[in-house]
Amino acid sequence: MLLKHSIPISVRYCETDAMGFVHHSNYLNYFELGRTELFRAQGGNYRRMEELEMFLVVVKFQIHYRKPARYDDQLVLHSTITRLTTARIEHAYKLMRDAELLCSAESTIACVDSDGEPRRIPENLSEITRVQ
Amino acid sequence: MLLKHSIPISVRYCETDAMGFVHHSNYLNYFELGRTELFRAQGGNYRRMEELEMFLVVVKFQIHYRKPARYDDQLVLHSTITRLTTARIEHAYKLMRDAELLCSAESTIACVDSDGEPRRIPENLSEITRVQ
Amino acid sequence: MLLKHSIPISVRYCETDAMGFVHHSNYLNYFELGRTELFRAQGGNYRRMEELEMFLVVVKFQIHYRKPARYDDQLVLHSTITRLTTARIEHAYKLMRDAELLCSAESTIACVDSDGEPRRIPENLSEITRVQ
Amino acid sequence: MLLKHSIPISVRYCETDAMGFVHHSNYLNYFELGRTELFRAQGGNYRRMEELEMFLVVVKFQIHYRKPARYDDQLVLHSTITRLTTARIEHAYKLMRDAELLCSAESTIACVDSDGEPRRIPENLSEITRVQ
């Protein structure tokens, strides 16, 4: 199974704040894109997953902001699955501008059903959510 | 029925952009607060409305940005219902900083059910959505 | 001069709301991307423009929401310059999902200096902001 | 010096996502409000601080999401300064819905000048940024 994936991120104007840099809350949206696209690269599809009543919820996030990003910066986000159990998926992220590391982070996500009750994460998740 | 209502708006840092002002997309969020609080002041409750499978969707918006707002500005938003039919609700908004008009807008919203199909807006909407 | 440009838009999860659709404020961010990328396709660069102390501010927006967009929808945004004077630029936008028109809009933007004072828009704007 | 402060948070519709809950990135905006209002309660003013060329930047964040928040939930955010040096300020946050803990977090922020260079945090920060 593919455990690493990289995507380009182009900083939008609406993501900046009055300090002239990307507001720190927006990095979480970048990381979400990274996770989702890693899953797509594995063959899975998160939209299909929700149609099957499996919802991924964020349980923990640790973010280390190192250098600011600016409007129109062309970044690369590297996302890695670092641990995968039937209850939890852990990711690590590195957001780069060329060779510079701007931000690193780790997250833990869990799977719940439509009532918010914990669900076992199926082993063949990317297969059963594949979109033809 | 109450047709006008005013609320204070305190500009959040995350709402500003690199130009140092509130990003123009965030005004729509202020106007949504204005509409919702006007409805609450009438005795209605929008969360209850969604529980009853009535969803208000925005059909049209016209916004006239006159002067910029900055972080931590203490603004007042005046919201008015200008037209009310069984199919549409029209609002007008004025966002003020003291006596200065920063932004004015008009919106048209409609009511749909959970399948997105148009629904008649009940006359006694605030009564049937009242939260005890 | 190029007056039309199209870009793909992939709906992010953070752009949806509890109704299950893209929150109406986020369309303004899509349109901003459309304007900026049209300018880039002309050879200009908005980040460079701000470095030269020219800031584009939104004066008016009219938006007509026709059909909702959902998470992970693959959309196409068509942006067109409909009028261009030394004081104002007017754009029209069409946001499509395949052949379906989801949202159309028109905006008027003006140019200001770093004090917020109106500035003449130079005729050769894309040339003087070109990034090598 | 005041080290603890609590503010009410009313969940806005635009802060929810398609899962029906507050999107996890928005909690960072709540925490920013909490920090800023704690500073105001101490007599300081963050807007004034930026006018004096002191900018607070987030260095680290750890967030533990425990239970989801929904649209129109009336929450209370408790913010505490847990450590204060001339280089760093550490905060802890607890976001509550009545007696339920929804989310807890810790952050580290630093002070930089307008060039992004680290600055010593003055001891009398709330005094020198006081707005009459």
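As written, the chain order gives the labels A, B, C and D, with residue 1 at the start of each chain.
The rule is simple: a contact is a pair of C-beta atoms (placed from the backbone, for glycine too) under 8 Å apart; a residue touches a chain by one contact, two chains touch by 3 or more.
This is a predicted model, so every value here is computed, not measured.
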{"item": "Of B-C and A-C, whichever chain pair has more C-beta contact pairs", "value": "B-C"}
{"item": "Superposition of chain A upon chain D: rotation angle, C-alpha, nearest 5 degrees", "value": "180"}
{"item": "Per Cα centroids, the chain farthest from chain A", "value": "B"}
{"item": "Distance from the mean Cα position of chain C to that of chain B, given in whole angstrom", "value": "24"}
{"item": "Chain A and chain C, separation of their C-alpha mean positions in angstrom", "value": "27"}
{"item": "For chain D, residues that touch 2 or more chains besides their own", "value": "13-14, 18, 25, 28-29, 32, 50, 70-71"}
{"item": "In the complex with chain A, residue positions of chain D that touch it", "value": "18-19, 24-26, 28-29, 32, 50, 55, 57-65, 68, 116"}
{"item": "Residues of chain C that touch chain D when the two form their complex", "value": "13-14, 16-18, 20-21, 23, 25, 70-71"}
{"item": "In the complex, chain B residues that touch chain D", "value": "12-14, 28-29, 32-33, 36, 45-47, 50, 70-72"}
